[in-house]
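Both complexes shown next keep subunit A, but they swap its partner, so subunit B is in the first and subunit C is in the second.
Now for the complex of A and B:
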């Protein structure tokens, strides 16, 4: 077989060129990165202590802050990532001082403009900065980003709105959890949880949404906020919503509210006729309610053939204090009982008591 | 007759050439996809939101399951390191798989373990029940399960049954995780909770690294060439290759040294198959199959950021055993799930990933081993000329070296984990040397593994001698 010499030369040349180019790229990348790191470290060296003084509110005369506010562009470029990283982690006077530093260098203005940038990473960084700086007045500007085509931008916007704790953002966050480009449920829920009680009206309204995702989300968050006034709505969903996920969320929320009046509904939800997920949450909820009725029901559930559920019931009893402990001890006393159910309950009770004895009651 | 032989030889030579061009080009494609993904991730790194995930009550909880067989040397340090990972709701479970050494004893002593009569929920069928379950006297979230020896897969299945958290993370007892590794590898579950059912984190070679208190504090290249070549190989195949497959939503392998699964899905599919030696890949393929057969939307993602560091074989003997096992495992997986091959029902897994793995992973050992001798024979018989042989060398080895260099370049641009210039040059040398004996040896071991699969010999994992991660000095593995 004959291969033209030109093909061989072309192949060798291409391979050699690419190998050399790749090698050069590696070396050049490393050299320039190390150089940049050294330069940044040299600039940061004297500035970092000043920044830490500001962040620790250890700058009574405001001298460090003034010096940092007067930095040139290159020094600020080195310090900005550190300052922006810090501002989201501190509160009170330190946050205000750092925010004024960042404002002084025009970064807030940049963030405002960058919200409309064509580059997703800039939109996200801008949203992050606005959230960290606590610019509540800019919350409405973040709302459109909840529908951004890029997931990371939507997530950052939701987080920022949560940090701002703006009640006006509650409806937007709830709606953003569904649709073609949704905010991940856990992220939206956490942001709503951070807003807290002011988000309750919007969340309560969402309990009657036609979209089951929203009903479920709202129930989850209301339970965690502790919105006692929504118990009635939650009770209805727990008993009759056609979607299992909503019933699970509603039962979980009722448990978190801890209202003794709903024990009957929770006992019903833990019944064997229901799906395992619902029963599991109902057991948790019964443990949170902690009434004698709930303890009795948990005692019976320890004998359930679903061993995971039984273990959970026993663990919840162990957390109930004397009331639960009495039920557990009663179950262990039935050790020699002939029925397999009693034996199962006794085994689960012994395990829960043993774990409780070493402080492991969270299982 | 002679003309027929020559014609066959002629055709085979060209087939080999095309094969090498195709396999290397497909790898080049995967590397480019991975590079694009890394670039995107680098941009998002500053707003990844780990601090938020740490305080978010909706972040899924994780049980880390470590099977341990004769791990006395390093198990205590490994468990302490796992328990100190940055993660909000974490449970660590060690399944002591009938160790012949004092693995259980050192754990009992270090963590003040007490026997708890825990009830094992049924879920995944296991070969043996636990002999005892222990928990620390101080209530910290550790569970130690003692059982008769029944293998890694069975141990992990038992652990999954006992796990109480939303997700289970499989690690090896000698895996060293970066402190944020769990936050990173769980991130896809947070960002896409409806669809993500499993994620895999990248595994890198711990040999040559300095390890203090169960954490890699300084990354370095190992001493021997076998380990050095594996550093480059892991970069190319595990980091970039898998990132590329993940981008194509066709990831078939999640390393057993660092993989996370939704517990409910794991139980639904029946856990790891203890009869398959490639159980990690088999599980991922089974999840793909199960989800597609049930018409469920799902995603299996590879995360390049978190790092699990693991000892790689430093001797040819241990490496041979590992590679035979891998080849055999792949053959078993492809055979067991052959119904997926070129089957449109399984989407891109059946139509693209499966044929690729058959052609370029299963088939590679045959071509690696036979390619060079056939071309040499062709030269001797004057079927091919010197120019063709040169072209073959460029396609098989020059292109291969280029791919390894590209991988090093992507690593340098994205992660730059190896700080010393010396390490960098050593890696380049390893990438070159790999082509001239390592690939062929790995090919031979691969063929042995495939042969063992065909003959149905009983699969043996083999033991590994751990040095333990307790000394503040570069880790060199002795076996």
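Now for the complex of A and C:
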């Protein structure tokens, strides 16, 4: 089919016009953005030193703070992102001074209203601001956002609750780790860790949850917090929970607590009848406890047919100091005619001692 | 004058720490990443380096290890300033040779006290 030349030229001209128009739009948008950035930078220039004085607590008379509190809307719009960014990264007097500046410009009121915004970005910004400002009284307002339909909003809300360190948020954070719209487990765990000891009652209660995910999460976090009073509950889970992941978390937690009284449970968990994953965590935990009984158990584990586990036991002994070294050296004394188990232990011990001699302890 | 190098990829934190240390009487230089930090140390040999841990490219831990591995820079005092607060993170920081470890959110005033104390101990 022959297409008339005039049609081809018209199509080329239309394409060229479209390309030119798009290019002009891109250039105009960039130029406009650049102009806005320059305007913001120009406004920010003289204000930034005042903000640094406030944030550095080098404003004894409060003069800089007063000047910044009296800024007009346009100047504040330029300074607000810097002030809000800084307030979450400092504490003490610096945080109080920045928070009073942000409050003076009504940003807290905005954040409170924006928690209910239809726009996810505003809900997230509001939650972040409340967390950064340390408005612990607003923690209950953040809890519904843990079930927000948007993952990013749920994550920001969980982080903000961690920043606020509100014990009242602990149960909500634990529950939020499961369900149709969950908060990622690591984010929930980190927030609970930031709350720390005040979160322990809620975490201990979660050890008897019907949901194994929650039992496992609670055991992990209690171990990291160092909640010694939960050792009894953790010991029960380590020995008898029907779900492997929960037993692994409980054994890991007992290791982090480092209580010598639970060495027997850890030795039991390292037994050959158990899954490799549980045994590995038990070996680490025995190394953390570091009692003579734990060292003796690690010495026996060096002879395990699972060579990776044996190597791990030897490495943990090498990190135990004189006590572990003595066990390793004793194992190297095995003679050629010894049993295969003693030979395996001797090989693992020699490897660990050799690594230790060149300053490299396997982890 | 005692010189401090402040290394952080966050310009707000970098400026705040530099401002506070400058007000406390230190001569302050800044860098935005690990490679620039090593260049600054080689050029001006600061007494103290305040290092952020999480930076693009070389981390503060990498910078600290590099400083410690070179006899010419091994004596630079290192303070880690980081949001990484887990037990393992702190262990890694000290394992790399850091002299002190400050966790964000931090108090600028306390940071100056720690730098003061570190220098006082080193001069004993």
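One rule holds for everything that comes next: the second predicted complex is superposed on the first by the 303 of 363 C-alpha atoms of A that agree within 3 Å, B and C clash if a C-alpha of one lies under 4 Å from a C-alpha of the other, contacts with A are read in each partner's own complex, and residues count from 1 in each chain.
Everything below uses one rule, namely that contacts are C-beta pairs under 8 Å (C-beta built on N, C-alpha and C of every residue); 3 or more make two chains touch, one makes a residue touch a chain.
Since the model is a prediction, treat every value here as computed from it, not as a measurement.
Undergrad: So, A:124: does it touch subunit B (first), subunit C (second), both, or neither?
TA: first
Undergrad: Just subunit B (first), just subunit C (second), both, or neither: which does A:92 touch?
TA: second
Undergrad: Touch test for A:30: subunit B only (first), subunit C only (second), both, or neither?
TA: first
Undergrad: Which partner chains sit in contact with A:5 here, subunit B, subunit C, both or neither? Use first/second/both/neither.
TA: Touch status of A:5: first partner only.
Undergrad: Which partner, subunit B or subunit C, is in contact with more residues of subunit A?
TA: When the residues of subunit A touched by each partner are counted, B comes out ahead.
Undergrad: Per the contact definition in the header, classify A:58: touching subunit B only (first), subunit C only (second), both, or neither.
TA: second
Undergrad: Return first, second, both or neither, reflecting whether A:22 touches subunit B, subunit C, both chains, or no partner chain.
TA: first
Undergrad: Examine A:151 and indicate which partner it touches, taking first as subunit B and second as subunit C; both and neither are also allowed.
TA: Only subunit B; A:151 stays clear of subunit C.
Undergrad: Quick check on the output: what are the common subunit A residues between the subunit B footprint and the subunit C footprint?
TA: 88-89, 224
Undergrad: Considering only the defined contacts, which subunit B positions touch subunit A in the complex?
TA: Within the complex, subunit B contacts subunit A at residues 10, 13-14, 43-44, 46-47, 49, 51-52, 56-59, 114-123, 135-139, 141, 164, 190-194, 383-385, 387-388, 390-391, 394-395, 398-399, 401-402, 405-406, 408-409, 412-413, 416, 421, 424, 428.
Undergrad: What part of subunit C is in contact with subunit A in the complex they form?
TA: Within the complex, subunit C contacts subunit A at residues 10, 12-13, 15-16, 19-20, 23, 83, 86-87, 104-110.
Undergrad: Given the complex with subunit B, which residues does subunit A contribute to the contact?
TA: Interface residues on the subunit A side: 1-3, 5, 7-8, 11-12, 15, 18-19, 22-23, 25-26, 29-30, 33, 81, 88-89, 120-121, 124-125, 128, 151-152, 155-156, 159, 184-187, 189-190, 193, 220, 224, 306-308, 310-311, 347-348, 350-351, 354-355, 358-360, 362-363.
Undergrad: What residues on subunit A touch subunit C, complex-wise?
TA: 48-49, 52-53, 55-58, 82, 85-86, 88-95, 224
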